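Data first, discussion second: the structure below is written as structure tokens.
Chains: A, B, C, D, E, F, G and H, in written order; residue numbering restarts at 1 for each.
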Amino acid sequence: MTDIRWDEGREARTGFPEVIFGKSKSIEQLQRLFREGEGLRLATQLDAAQREALRGLAEVDELSRTAVRNPRPERELPPVGILTGGTGDIPVAEEARAVLRALGHPVRTFFDVGVAGLHRMQGVLPELRECAVLIVCAGMEGALPSVVAGLVDAPVIAVPTSVGTGVSEGGRVALHAMLASCSPGIAVVNIDSGFGAAAMAVKTVNKLHRP
Amino acid sequence: MTDIRWDEGREARTGFPEVIFGKSKSIEQLQRLFREGEGLRLATQLDAAQREALRGLAEVDELSRTAVRNPRPERELPPVGILTGGTGDIPVAEEARAVLRALGHPVRTFFDVGVAGLHRMQGVLPELRECAVLIVCAGMEGALPSVVAGLVDAPVIAVPTSVGTGVSEGGRVALHAMLASCSPGIAVVNIDSGFGAAAMAVKTVNKLHRP
Amino acid sequence: MTDIRWDEGREARTGFPEVIFGKSKSIEQLQRLFREGEGLRLATQLDAAQREALRGLAEVDELSRTAVRNPRPERELPPVGILTGGTGDIPVAEEARAVLRALGHPVRTFFDVGVAGLHRMQGVLPELRECAVLIVCAGMEGALPSVVAGLVDAPVIAVPTSVGTGVSEGGRVALHAMLASCSPGIAVVNIDSGFGAAAMAVKTVNKLHRP
Amino acid sequence: MTDIRWDEGREARTGFPEVIFGKSKSIEQLQRLFREGEGLRLATQLDAAQREALRGLAEVDELSRTAVRNPRPERELPPVGILTGGTGDIPVAEEARAVLRALGHPVRTFFDVGVAGLHRMQGVLPELRECAVLIVCAGMEGALPSVVAGLVDAPVIAVPTSVGTGVSEGGRVALHAMLASCSPGIAVVNIDSGFGAAAMAVKTVNKLHRP
Amino acid sequence: MTDIRWDEGREARTGFPEVIFGKSKSIEQLQRLFREGEGLRLATQLDAAQREALRGLAEVDELSRTAVRNPRPERELPPVGILTGGTGDIPVAEEARAVLRALGHPVRTFFDVGVAGLHRMQGVLPELRECAVLIVCAGMEGALPSVVAGLVDAPVIAVPTSVGTGVSEGGRVALHAMLASCSPGIAVVNIDSGFGAAAMAVKTVNKLHRP
Amino acid sequence: MTDIRWDEGREARTGFPEVIFGKSKSIEQLQRLFREGEGLRLATQLDAAQREALRGLAEVDELSRTAVRNPRPERELPPVGILTGGTGDIPVAEEARAVLRALGHPVRTFFDVGVAGLHRMQGVLPELRECAVLIVCAGMEGALPSVVAGLVDAPVIAVPTSVGTGVSEGGRVALHAMLASCSPGIAVVNIDSGFGAAAMAVKTVNKLHRP
Amino acid sequence: MTDIRWDEGREARTGFPEVIFGKSKSIEQLQRLFREGEGLRLATQLDAAQREALRGLAEVDELSRTAVRNPRPERELPPVGILTGGTGDIPVAEEARAVLRALGHPVRTFFDVGVAGLHRMQGVLPELRECAVLIVCAGMEGALPSVVAGLVDAPVIAVPTSVGTGVSEGGRVALHAMLASCSPGIAVVNIDSGFGAAAMAVKTVNKLHRP
Amino acid sequence: MTDIRWDEGREARTGFPEVIFGKSKSIEQLQRLFREGEGLRLATQLDAAQREALRGLAEVDELSRTAVRNPRPERELPPVGILTGGTGDIPVAEEARAVLRALGHPVRTFFDVGVAGLHRMQGVLPELRECAVLIVCAGMEGALPSVVAGLVDAPVIAVPTSVGTGVSEGGRVALHAMLASCSPGIAVVNIDSGFGAAAMAVKTVNKLHRP
């Protein structure tokens, strides 16, 4: 395959397999990648035409904009929790879920639990405490990770989303708020990167969990 | 007084008197302003030398960096509540308190009630509900106004402070987070502007309160 | 309704009901929300398809991009004044008006009274002074709130709009100018947020007004 | 003089002589420049040590931070008006005045006429209309040029100043507001550049004025 | 005409008539404005549909995106020169030309004379020196005004254009370079604002020129 | 202790104790906090005077700018590795080490292993693979986390440092580079926040490690 | 050709011929430029319609978006190496290749050798060392030039690309990372400017190479 | 030497030796580095105390803030030219000169030849053409590289300097202008990085020059 140097040894080396970033791939490249090799193939950030082109070659999901071939069976691992502040953050959360599931990690979701109505998040605290790692997706002022990290003992991987208007459009405000959080135990990934949060969670659980 | 055009009619016209902004005044100008005229004189943002120079001419306060001559007696008005997220925000809160007191408004303060330990703020909710207006000062990720406005019925005047490190140094992150808040009923003033928040509160209470 | 956690207690708790933010909702979600429950339903930031889908279920307004079901009858309250600097700011002003009306607040409007021709604004000063709160919408250099707050005794809720070209495109210049205003008695909401200004006005009038 | 290539022909070529920018000059360089040659020598942006070192060699002014040797006599020209919004803008205005005077241009000043009290500026309108060009210095929200250009027929050279706090500290807000002005007939120079405004005024009057 | 407050007295007051900014006007509003009143009507920043709608009511120009009704006859005035660095800047230059012509000012143009080939600009120096004012439009690094102001005695009104790629896309680099110019005698208008530059030139020539 | 609301329950609630942020504390406040209570007390970001004032009350470390009273004994846990790109990043790394040690976590350090000489980092790869979590501190272009995460299976907590000149001064470039990394398995904390990285590592190891 | 001043002497003067920047040219202008004159004609940044219009007049390349007429024959020169971090950077690399080939310079390419899998780049080190100059194209965190310059003795011309998401979208992060590199021997061109890198390489090889 | 991993093989590997960046080194570290090893030692960015501490161990230069031990003798190579726009840029130019000289490269300097007086630069054109590479240092609007690259055939390494006021303070405007230049054959290094420009020049001449 011209111009693509597939990194076969990545999972052995780093504990996380090479994943196809859809944005910079042609449909031909994508189809070949899903026809070649064996075992797991996972692609993210696929646009509508790319998703259409992969039907039949992979399990395609519209909301998370992913495609997966030969997902790993779910393993006996502590679950990763995924929270969102609002409904607009759900596509980002679904990308994280798709990556985790493809790699066999159990997931629990807690959507629309933002800080404008704290009782919604406080109502799920016992379940949050059962998760090994929490992925918290929020746009606008990005306050949810601060509140969550002040209440639970799991590490928080914060995902700023581009949901917002005016100053918060594009996700910079949420990103900066999460980095500046006054609650210890938060680390942050790139804007809208459900993928990046899932990768961090996968490497964390795989490296640290002993059954 | 050369070059200063004192706006005598400002209080009659706008409901808020002219206040001296210390930063652009010489010591001579300040001393003359506090010797001339009669009634209330209020100066903010005074540096150490300016404060020293006004002792004897006014009541000088170190923490709020203000000086006041002939403050108005406290009036029968509903109180303005002032909250801070941390201890670093207190000088900004004190500037707001000094302005409100000089103009005769009762004040209640609730300091160090930030979102990393929500129980601190939730413990004072009944008292917050007795205030007509809430001034909420916070730096870092600036999440406190969102949480407060989601729990009480008073309008929130949010004051971003320059307290923070890294991305939040200088107060831009808190400012943007407050503007982007997902909780309705928040309006924002300039960074570190305890004065601006107090002015908004004064005009609001004076215009709207009917005993 | 999957994934949406409707905050029924918000109005009792905060004095302002939950309002539907159209941007992150599907048409199915919107239609269900307007079919379910009873009493007031209000949605903002609706695009053309969403507005079309809500006809018959709600009163839809094109200019303000809102839909309302069961608006509250107008109450005996002091009016909220809404000003715009130019004609381009009117959609933002109309969003504020729609929210205020849905909640029963009387409104007066003063459009196209920007600072390039001051006599237009000065001509309506007596009417401005009858309003309890002023919502001032302006784009470009955002100077109108400064001028208004220097002439009237009502608190000013400033709304920067994204109207402008070159450096002012998107509304950041107007936002910053309003925050930096030399006139006391101004607080600011997010860019283009007629909704945010109306919410602040509603909570202010409801909390403070005693007939 | 090593490393300095004095541009003797600049005034003949461009109508404006070479002026010494103090910031990048050593005291030795400055003293030599004021001892050499003949006729007008003008230096701006001098710090305290540089000003001290030039006493005896030139007329040194503390407020404008300038030094001038052999200023030109005042010529029969229409005056240039210089306005400031507040007292903090006066040093910038004085730099403009020093440059204009050194080159023989009559100047009128109107200080502390900012938009928080419009009557101050409106009181000097007849005098403003007698000026050929207006230099308007303002910090904070930088609204004064918009208001002035909406009321007089002289071209406005706007000078944003670094006076301000929070978002307006450093002068970017005033700069952008002036560029975005809704009033036609304004052009802008660099932040705090009284020198740049004066140079524009000098070239404008010299090129266009016919007695 | 609802919502538009036409400023009839603007030309008498400021020496420059009200001009219609197309961006915030509906086609109905534009057509009415061109049917009403008498004398000069000028609109800028018209999109294709707006221009189409004004054919028959005004002289419409595609390149400058303007429409004019009853332009003033050319007056006996010194010409305004308009330069561009490249061919991409020409639409901005044409907007300036359209405004100047509508108001009766003679214009000379010098296009594609950027600094990558200095001989092109140096070849027209004698003609540049005959102009009363120079409007210099440039994108990318925006260096042309610096070079021109270092060679001629006319005041330079610099217009940064949004022509550029990478860091210079949108015109901020050219804007800042023009403000930071080391050549005295330059003032700057908003990005792509041929209109703003023409307005400054018109007010300058009208106020200062004595035949 | 006026104005400080100590959050005694934080460790039980979140797995991480309250730590004193030195920047917003007076010397009196610090001394009282170190005299009161019992067990672990940890303060970070102490300036020279604060450190001096705590000698005798705590173990004070100059390089990390921390003070600790009653550190926890080292526990049987997998080590946390701390890397720096250069020598300038060491103070940030030392802050992380001080926090980890105070809480009983074993630490290994790998300093000055930046990407300009890759062999330095590649030489310690076997040791890096023995760490449970890697904290990677880098300034300038912040490339080290990308390279490390592409070679090892431990999750990487990236700490951008303010080390740099020109565009990278202050740490924004390193921050953004780390967020934008093409290597999966990286999450980022605030600029210079050795504390934040250590807190994330502590919560991760405590929550996930089963001996 | 109205409005275009073709700079015939540019190659004699600067060693690099005038190249047509497609973005600001009409199809008529492009076609005339390719019909006129003789010898090499090269255009870059052509959109689909422009490319279509030039078929038959020039050799048009889709991927690099260039058109060339009468390319120079390949000369006996040391090759220029072109690297990319990922597949998304290839169009930028192809623009550089097209310019170099049109001017007769040999080129070698090394695509998809980014830092997430270092072995890919280390595998081509011997070939990299045979190139006179290296053009390194990378988006996202832009770390590849740092790693390359730390391993080879050729000067590196770094090209940040706009490939990326979240904070790195648009290429600013890669640009800044390249400027801030800790590896000596790197200079940077504008975002996505394969053309600019090729021009620097051409002038470098032509000026310095002696066979 | 604890914590410093000296990269002995760097010159053999990359053609450029390890150079000591003074900013992140203690005086003890610097003195040890200059006492140890043999042959060339070069340190840049030394503050006054560091320079004082190295006297006797190295040749210390105040203006360039460098120290050198055992510089290489001047080699038979084509000279590198160094230009500055103004006198304020000279310290940056001197840093470049010190690095080039230490490594045995001949240098020619052309200071204070900025674009406000083009004749100064045009007067040295024949000498510029004799240089193999040109390092062009400029602050403010950073236009000098554009003009130079439009007139000579040598590649231009542009160094933006932090010289400037208002918008150009800190060097970002010059940096962006240089990246956006319309003249081909320019590549840019970090702000104030005379060192970075010299390193690029050294690697370029060493790799390409054949006597």
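The rule is simple: contacts are C-beta pairs under 8 Å (C-beta built on N, C-alpha and C of every residue); 3 or more make two chains touch, one makes a residue touch a chain.
Remember, predicted model here, so these are calculated numbers, not experimental data.
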Greatest Cα-centroid separation from chain E: which chain? F
Chain C and chain D have mean C-alpha positions lying a whole-number Å distance apart equal to 42
When centres are defined as mean Cα positions, the distance from chain D to chain H in whole Å is 36
Chain-centre distance (mean CA atoms) for chain C and chain G, in whole Å, is 50
Listed in rising order, chain C residues that touch 2 or more other chains are 10, 86, 116-117, 149-151, 165-168, 172, 175, 179-180, 183-184, 190-191
All pairs of touching chains, each written as two labels joined by a dash: A-B, A-C, A-F, A-G, B-C, B-D, B-F, C-D, C-E, D-E, D-H, E-G, E-H, F-G, F-H, G-H
Per the touch rule, the chain G residues reaching chain E in their complex are 3-5, 7, 9-10, 21, 23-25, 29, 45, 160, 162, 171-172, 175, 190-193
Can you list the residues on chain F that touch chain G in the complex? 85-86, 114-118, 140-143, 146-147, 149-151, 164-168, 172-174, 176-184
Using the touch definition up top, name the residues of chain F that touch chain A in the complex. 10, 13-16, 19, 78, 132-133, 149-155, 157, 175, 179-180, 183-191, 195-197, 199-200, 202-211
Partner chain A, residues of chain G touching it in the complex: 86-88, 90, 111-113, 116-117, 119-120, 163, 165-168
